[in-house]
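In the two assemblies presented below, chain A is common to both, partnered first by chain B and then by chain C.
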Partner chain A sequence: MSVIAPKFKLSEFIKSLLDNIFWIMLLLTFVGLPAVQIVLFYIEMPVIHGELLTPFLAFTWLADPTRILPVVHAFMATDLFRIAAFPGFGFAALLAAGTIFVERKMLAKLQLRVGPFYCGKIEGILQLMGDGLKLISKEIIIPAKADKPIFWAAPVMFVGAAAAFVALIPVAPGWVVADIDMGLLAVFAVIGFFPIITILSAWSANSKFPFIGGIRALFQMVSFEIPLILSLLGVVIVTGTLNLSEISASQSFFPWIIFLPVGAIVFFITMLAELERIPFDLPEAESEIVAGWLTEFSGMMYGLVQLGTYLKLYAFAALFVVLFLGGWNGPMVVPPFPEEFLVGVEMGPVKVGPFPGLPLFDQAMLNGTLWFVIKTVGVIFFILLPRGVFPRIRIDMLLNLGWTKLIGLAFVNIFIALALLYAGVLGPGGLQ
Partner chain B sequence: MFGFACAAMAPALIISRMISPRKRSNPVKFLPMECGQVPSGEGRTHFMMQYYPYILMFVVFDVMAIFLYAWGSAILEIPKVATLPMMGFLAIMFGAMAFALYQSGRRKIW
Partner chain C sequence: MADAVFLALTVITIGSAIAALELRSLVYGSIALMGTLGGIAGFFFLLDAPFVALFQLAVYVGSIAVLILFTVMLVKRELIFKKIEDKRRKFAGIGLMLVVMVALGAVFLDSGIKTITTDEPAAEFRDIGMSFVTYYWPALILMALILAGSVTGALVLAKREDVENDQRTS
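This part shows the complex of A and B:
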């Protein structure tokens, strides 16, 4: 860091190290030991594989890697794992990071550029990490007359709302953070928060470009929210449920895009608009209003908004997959778990196993995740593609498109769904 | 999930605040961004009323769209005759929407 270097002194450095060690020891004594006492005596530890998980047992399990498996297995059933790692934040953030890199490389190839190239040996693969480090070490500048609490909270709220959207997506059978009966309505409720956060941050920045961007985001939401909601009504009519897991499970033989292609197209266009991507990126039009509602965000605040944007992109692509492309359904390609690991392997005098708690993921879940990720990546590719191809459209064209054409097409889709239902093609007694 | 994301992302801002340089400060640095010029006038300005009718329409038709879900999710249980009043409702709403779109298209009155 450029701040430390000019005044660097070895004695000061050693002194700061000793200081840190002193404070760590003090904190361990006064906070760490009581915390261990509380854990030992007051918190009920789980029973794993017939044994109570005491700290002592946990450490012996650490010594033998195969004995840690039941602990991992038990941890994977907890809510924390679902929220933080697999169907939740970690999985989505990983896909979002991949999306950012692929987008930059793909746009560069489309426009005959090279794209990120130097950071990391292979094709600039560490560019994202470098960008993150750069953003986190930059100063955060807030405009003088800004409404500071709202301005600080806006990026965090944006990431939070995007994560709440991710929580509703079923990735594999039974693997969803929040499996609620009103899943689709919850999705609409969460989507409704994004323009509010946008306009709050735009208003609190007390600057002209963010304000114009925020107003544009509001108009865009107003003209595209209704086609978005109506285009999904067809799926609800033919499935008769609002639960996203049930909608996904109902497509085990054919995806709904075969019967409701109009709805899928309308949903895809409105999805581009809700994600503020070209050709509908009016709220952050770089060439007109510096960066739209992101103009005053600097440093890590901008980084958080970017993370939220790409989490939202993943969530929308996943929603498209769940509603129209069959979600986790697909041919079984993952081989079953080898039986000998469950009963133990005997090789001459040595007998290994059996390993308790070994099938960490069952076959159906792995297969479902594989198909879900393949489809989602495909949809994300089609979301990224217009950015390299299309120009931006005007705001009156946007409003006209949303209010006349897309709403009309959404109603056409509803009538197609009704006709399929009443003709007996789908629904009870139909093809299912 | 919302809470987890907020709790996980707030430290990023705090760490950034801790390790980033915050030395030199001058009043120009904290002015709103206006491409290098000294900003003039208020940051929170008035905006055109031109597209305001669309927002008024949104208030009505968004609620309509959500109410259609109550019908759509129950359509497998209700008799087929019950669809006819819904069609009538949609026709009325469509008429209203066409009139509102015509009115909001007249730029002169806004």
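This part shows the complex of A and C:
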């Protein structure tokens, strides 16, 4: 049996631990606390309960829920929270991480394998963390004749473009990072950046397999972008807006997939192609051209590209939900916030509360997020499912499908939308 | 704020335009061209026309720049271009550019651009669409016909007759 540290002695381990604790305490007392006080002195502090929060009181509110809750509440209204945590990066990355694990495990079950099993006690649930640690600690190897600036920039740009896509998705009423009137057009603009990044990274690696993969990716993405844009025009025609939040809110009675099933099918197929998923995974066909345009990436550069890929997967699934499946709309299942916390609870002799700023999330937001997540996870499941079932298709079949059949179907969808509008089924005087 | 953004966009646009012309590497040149087109999109944002700006990004940066990049990657530069280093040509080019810029600037300044009010609300894209289908409908029909013709032509070009082969029946 191999041992990780052969000369391990418990006493020395404890000694080093105590040593570290000593130094941390010392530095915190003589450097950390004064630094925090000095910084707090220059920051404009909020007024809580009619009392200015001075730096001297700054540590007392950490222990007092009636003081910390309004601060948390105020922080949740900031842009930083939206970008980093809830409708933005953190939320999307969490769903993406779940997607990776579910994909590996589900694919294994479909193919009668075991899948990730040893990392973590239950069914290899820590496999993703292990993979992440491995990718971070691996050396980044750059091919000798690669074009270094572009090669370094490509993974970062890929994640950036995917994050920009995520930022446009409305998760719950009012919960969206960038609520712009031209949301759908911005989505088209962001989608247009992916082929550029792919082909640039493929070219910059100066290697055969990445270049073949990159050219395949370019062909595939550019030819499927047109039916993708056309298939979404039907929704724009029936709603009369390009704002994703308004499109989502317009489906409070019925989702648009009932009226525009053709557009939904075309969008789903083009989505699979844009995401390079089986049966359209020609750009990284691992059995033909090592890993396609990802071949030369190593270490965390590969990790960044994978992160971007799964963020993009989440964003496309969420876009499908927003446009065709009703977004956050669904029956109200979240119970209302208990009133006692707002007026205070009598617990024997002690009266607890009231807690100002307590309903951190209102009922509509929690309900919207719940339905949105359920629908998005469902769509992601249907995106993952073909991987266990279908083989890869040929490039000429792919291009033929994109340029002739899907564009035709997208036009059929537009005419259906126009017919519904002019027949008075939808729009003013109709159902909505 | 807007002035600083305008200056930064100007520097990006003109700088990357010069880079697109002057860089030896064609791929970097086309990346610089993307910078120019993106800078123009930024100008449209500053002019309160996000509709045009996003179409500029989606069409010019997203599609046309990709086509240029793709073409550039597939050619060997040495075979088609021979750069002639010549001082006289360079200065003549710069002089020609200055003459054209001065002439265009004179035309712009003469066109009554000074009397434009700048704090009007942004034009709603629905209004633009409305006037397209009412007053300017012949132009719209013409554009639609041209676009339909080009799309049909592209489809016809893209659909090739398959080579008869028993092993490759699709």
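One rule holds in what follows: the second predicted complex is superposed on the first by the 372 of 432 C-alpha atoms of A that agree within 3 Å, B and C clash if a C-alpha of one lies under 4 Å from a C-alpha of the other, contacts with A are read in each partner's own complex, and residues count from 1 in each chain.
Definition applied: a contact is a pair of C-beta atoms (placed from the backbone, for glycine too) under 8 Å apart; a residue touches a chain by one contact, two chains touch by 3 or more.
What you see is a predicted model, and the numbers here were worked out from it, not measured in a lab.
Student: Clash or fit: how do chain B and chain C relate after the overlay on chain A?
Tutor: By the criteria stated at the top, chain C and chain B clash after superposition.
Student: Which chain makes contact with more of the residues of chain A, chain B or else chain C?
Tutor: B
Student: According to the stated criteria, A:A144 is in contact with first (chain B), second (chain C), both, or neither; which is it?
Tutor: first
Student: Should A:S287 be classified as contacting the first partner (chain B), the second (chain C), both, or neither?
Tutor: Touch partners of A:S287: none, neither chain B nor chain C.
Student: Based on the superposed arrangement, let me know which partner A:Y422 touches: chain B (first), chain C (second), both, or neither?
Tutor: first
Student: Identify the partner contact of A:V166: answer first if only chain B is touched, second if only chain C is, both if each is, neither if none is.
Tutor: A:V166: touches chain B, not chain C.
Student: Would you sort A:A186 into first (chain B), second (chain C), both or neither based on which partner it touches?
Tutor: The second partner, chain C, only.
Student: By the touch definition at the top of the document, which applies to A:S11: first (chain B), second (chain C), both, or neither?
Tutor: neither
Student: Show me the chain A residues, by the header's touch rule, that chain B contacts in one structure and chain C contacts in the other.
Tutor: Common to the two interfaces on chain A: residues 185, 188, 203, 215, 218, 222, 225, 396, 399, 403-404, 407.
Student: Note which residues of chain C are touching chain A in the complex, please.
Tutor: Residue list for chain C touching chain A: 27, 31, 34, 50-51, 54-55, 57-58, 61-63, 65-66, 69-70, 73, 125, 154-155, 158-159, 170.
Student: Tell me, which parts of chain B touch chain A in their complex?
Tutor: 1-6, 8-10, 12-13, 15-17, 19-23, 27, 29-35, 39, 41, 43-45, 47, 51, 54-55, 57-58, 61-62, 65-66, 68-69, 72-77, 80, 83, 90, 94, 97, 101
Student: Sort out for me which residues of chain A touch chain C in the complex.
Tutor: For this pair, the touching residues of chain A are 147, 150, 180-182, 185-186, 188-189, 191-193, 195-196, 199-200, 203, 215, 218, 222, 225, 394, 396-397, 399-400, 403-404, 407.
Student: Considering the complex alone, what residue numbers of chain A touch chain B?
Tutor: 1-3, 83-84, 88-89, 135-145, 152, 155-157, 159-164, 166-167, 177-178, 184-185, 188, 203, 205-209, 211-212, 215, 218-219, 222-223, 225-226, 229-230, 233, 236-237, 240-242, 290, 295-296, 299-301, 303-304, 307, 395-396, 399, 403-404, 407, 411, 414, 418, 421-422, 427-428
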